[in-house]
Amino acid sequence: MRTFRLVIACPDRVGIVARVSNFLTAYNGWITEANHHSDNQSGWFFMRHEIRADSLPFGLEALRQAFAPIAEEFSMIWRVTDSARRQRVILMASRESHCLSDLLHRWHSGELDCEIPCVIANHEDLRSMVEWHGIPYVHVPVDPADKQKAFAEVTRLVHEHEADTLVLARYMQILPPVLCQDFAHRIINIHHSFLPSFVGARPYHQASLRGVKLIGATCHYVTEELDAGPIIEQDVVRVSHRDSIDDMVRLGRDVEKMVLSRGLRYHLEDRVLVHDNKTVVFA
Amino acid sequence: MRTFRLVIACPDRVGIVARVSNFLTAYNGWITEANHHSDNQSGWFFMRHEIRADSLPFGLEALRQAFAPIAEEFSMIWRVTDSARRQRVILMASRESHCLSDLLHRWHSGELDCEIPCVIANHEDLRSMVEWHGIPYVHVPVDPADKQKAFAEVTRLVHEHEADTLVLARYMQILPPVLCQDFAHRIINIHHSFLPSFVGARPYHQASLRGVKLIGATCHYVTEELDAGPIIEQDVVRVSHRDSIDDMVRLGRDVEKMVLSRGLRYHLEDRVLVHDNKTVVFA
Amino acid sequence: MRTFRLVIACPDRVGIVARVSNFLTAYNGWITEANHHSDNQSGWFFMRHEIRADSLPFGLEALRQAFAPIAEEFSMIWRVTDSARRQRVILMASRESHCLSDLLHRWHSGELDCEIPCVIANHEDLRSMVEWHGIPYVHVPVDPADKQKAFAEVTRLVHEHEADTLVLARYMQILPPVLCQDFAHRIINIHHSFLPSFVGARPYHQASLRGVKLIGATCHYVTEELDAGPIIEQDVVRVSHRDSIDDMVRLGRDVEKMVLSRGLRYHLEDRVLVHDNKTVVFA
Amino acid sequence: MRTFRLVIACPDRVGIVARVSNFLTAYNGWITEANHHSDNQSGWFFMRHEIRADSLPFGLEALRQAFAPIAEEFSMIWRVTDSARRQRVILMASRESHCLSDLLHRWHSGELDCEIPCVIANHEDLRSMVEWHGIPYVHVPVDPADKQKAFAEVTRLVHEHEADTLVLARYMQILPPVLCQDFAHRIINIHHSFLPSFVGARPYHQASLRGVKLIGATCHYVTEELDAGPIIEQDVVRVSHRDSIDDMVRLGRDVEKMVLSRGLRYHLEDRVLVHDNKTVVFA
């Protein structure tokens, strides 16, 4: 069922819901899902509607134009998207296959609703797996002495393929600030710790050293500051003294996969709203 | 902050949200929380609004009268409640103290927002604990040969104290059908298994015999059919071969407490809507 | 690191551990992991040792012979296995790919330590995926009017490939009793419910109908009685009124994958001991 | 059933288990529970035996003397304790009642097996609750300008009551280094975050600011460095954008209670071994 998704953030005040629902009712819009959130601390209001496309008398662009005056009146940050227009998602990987394989399977089996124009990797290891799925594999090696060149190529590919979203599926490279800015809230990373614990390299080693009893993973938007962007989703798994670092790496892989795929799903369905480096997730 | 809670269930159709939000906006109602659910299978729509009482120009009764025509128009099953009017909750217990103690502490510390006119128990064991909290303890022994008498007394107490809700905090007695009917969706039980597994007596023994790897607890509304009423909340805890039945009983106590207190909280805040022996819980 | 695994079940009595550890110490055996369990209810004792193979002066067969008298003395049910001798595991599938794909990826990336001589499926759908992994795909269609023929062929393949273990990765067919008996505690199934709830067909439909707040999956050994064999592993995931049956199916897939892969891992590492239709899992 | 608990840590080498189990077998010791752990990274070995007291021909002191030569031979750090000798535990609290109430109920209902000679609090608020349980309540106010005096009194009480263990049940004061040293691995704290995230004051505020999707609690031994001691137990609970800081505080209370009571239970049953600022917990 094709739907339009109307996603709104604005300063809270009386009458927003009435105004928006009147608008939708006036056009006979059939709302299949509605979510609201009033944030007391910030004084902001967040709203997401999913509306059956075939219930409206017009298409996406006309809907946008008709709604624009209301958005202006309430100083809304807003977007309308069309479930029939699948996002273009570039996956980026390194040598570890578990997150990439998991996303590819979900895509291949129809669970993950997007297009994947290509996979970019800084190693050759995962080429065959990607190509079996019928997706182009682009090897962009990263020279530690001159990372500029690689990221210029990545940026070129991102534009060439008109990517909406980048997913760092254990890519293990830090993207340049300019790319983070240009794709703000459109680059999704999976970090293999329960942030803000264990920022940076080798988080399972850090976790083992500290003797924690749960390890976790964090799916977040990438910002210029390492591992500090808005968190979309997190989860944990229990470990004990019996688990070596290798065991943690193994157990952690499953959490990483699950957390990344959930986070990406929320993103693709326009369920994530960012405000003040935090997220509202209408899951 | 005092709020009114407008809770609605009705057959789904276009315009319900607009109608309700227009109504609230017309009176300048400040919505602090709004939840919607369209159930595709049943074709029903569920909605709950929490509105600041001081933003409306009238009180609860006037709100009810003003809203009644809309409710009729849309064939709504509905209620409006006032957060300032605390529900009167009778707790019923037997000999096990963990659920009762947990609820009493939450009540005493202000977490559980209700009045407790009395505790009814079929044994004397928990009197001192209850009375320390300043709550009357009524001992109504249940004669296995003639339970009628006890339940007549329970029913009398329920009416005398004008109870809104009964909570069976491990009461271990089966209430008579007529009381279940009279208090439909107002009697909350905690069953010490993950229903529908292990209905009836000694669920931890049943769980041990089957060799399950998780045990659970279920908070549900009581109906005439044993352990078959609408489920409000459930949770589980991991067990292993190392856990004897006694260990399961101990581990299960913590799940029971948590599940019952969460379920009761949802109920007291008017977050639970029952439809077709299932619940919508706007948690 | 190559290890021998000595796995023992016997009636409990004083001196078992001393006898076994003396035996191992006498040969200078380096124990890397040891687990014990005394079951009070049944009066049985369970034990698993993992011993570095290079610390012993002899190989697997000699170890068996040397230990046999002790086993006899204590009436042990026992086995010794060699981590270097990878089990031969036949995966059986139908049309659903998620469990199969998950196991294949774990195998391909070296996480799952076994050989997979072939995949048997009653449909052609998953051939390409399996063959990409370099594993033969055998299509054995099941004629509803005459299942005998298909199961004769399955049995032939199992013997031809000298399979140690069969894994029903959402195979959706009920195996004949004789195969269940011949491969007792060697056929692993994943059932898509939290057993003993929702035995049999369409468990997510049953779960939706009952309105449970958690759905689960169960990995168990197959016995003649449907979904009633010894449980190896279980897990659950939270659902709500918002989740349609399709959502449950999607959420459940992740639980099924995790639970099956954990259960199979325990099995392959000889961590599972069956007694009285229950399991001791030295995880 | 009375048991002796033999708890051992020593450098790993061949023959430890044989030596210990021979020793126990020689005296006909009936082992009800045995746990072993070889830590590859540190090269240390950890072991805990629970032995039926009535199966041994002697008492605790004789057992200690008989075992001492073995302990010396293997350079063991070790202890033997008697389940019949209940630890003396002083609970320390401030104004928050949830952890204290939870521990008191577990103690009162017989779940928590210890003696509580007194509760020390820096406020008067919880006196009545404690005294209802028949436990002396000692008010030791802490003067922010001169904390020395209060801690001198605390130290005096600890010695007067011959406390084995101190439990900081949300005590909210930092103990002086000398007390931390004198009671190394005998002071248990509950910190209301998932350490090492959110060390120090107001962790729920920190969590809200960072926008995490799970909040947690950590039970650990107190060392001189704030919130940096060996972790005994941790757990988490899911939160979302809907949860205000007050909601986090409420949800967190339940995690704190559970984590503290589990950690204390492990400690009282001599299941916790500390090595290198980490714990082995034979749960």
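Letters A, B, C and D mark the chains as written, and numbering starts fresh at 1 in each.
Following the convention adopted for this analysis, a residue touches a chain if its C-beta (ideal position, glycine included) is under 8 Å from a C-beta of that chain, and two chains touch if they have at least 3 such contacts.
What you see is a predicted model, and the numbers here were worked out from it, not measured in a lab.
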Maximum centroid distance from chain C, chain identifier (CA atoms): B
Whole-Å gap between the CA centroids of chain C and chain D: 37
Centre distance in Å when chain B and chain C are each reduced to the mean of their C-alpha atoms: 41
Contacts with two or more other chains, residues of chain A listed in rising order: 40
Touch-based graph of the chains, sorted into line, ring, star, complete or other: complete
Partner chain A, residues of chain D touching it in the complex: 37, 39-41, 46, 194-198, 208, 210-214, 216, 230-236, 240-242, 244-245, 277-281, 283
Touch list for chain A against partner chain B, complex: 14-15, 17-19, 21-22, 24-25, 28-36, 38, 40, 55
Partner chain C, residues of chain A touching it in the complex: 97-98, 101-102, 105, 109, 111, 128, 132, 250, 253-254, 258
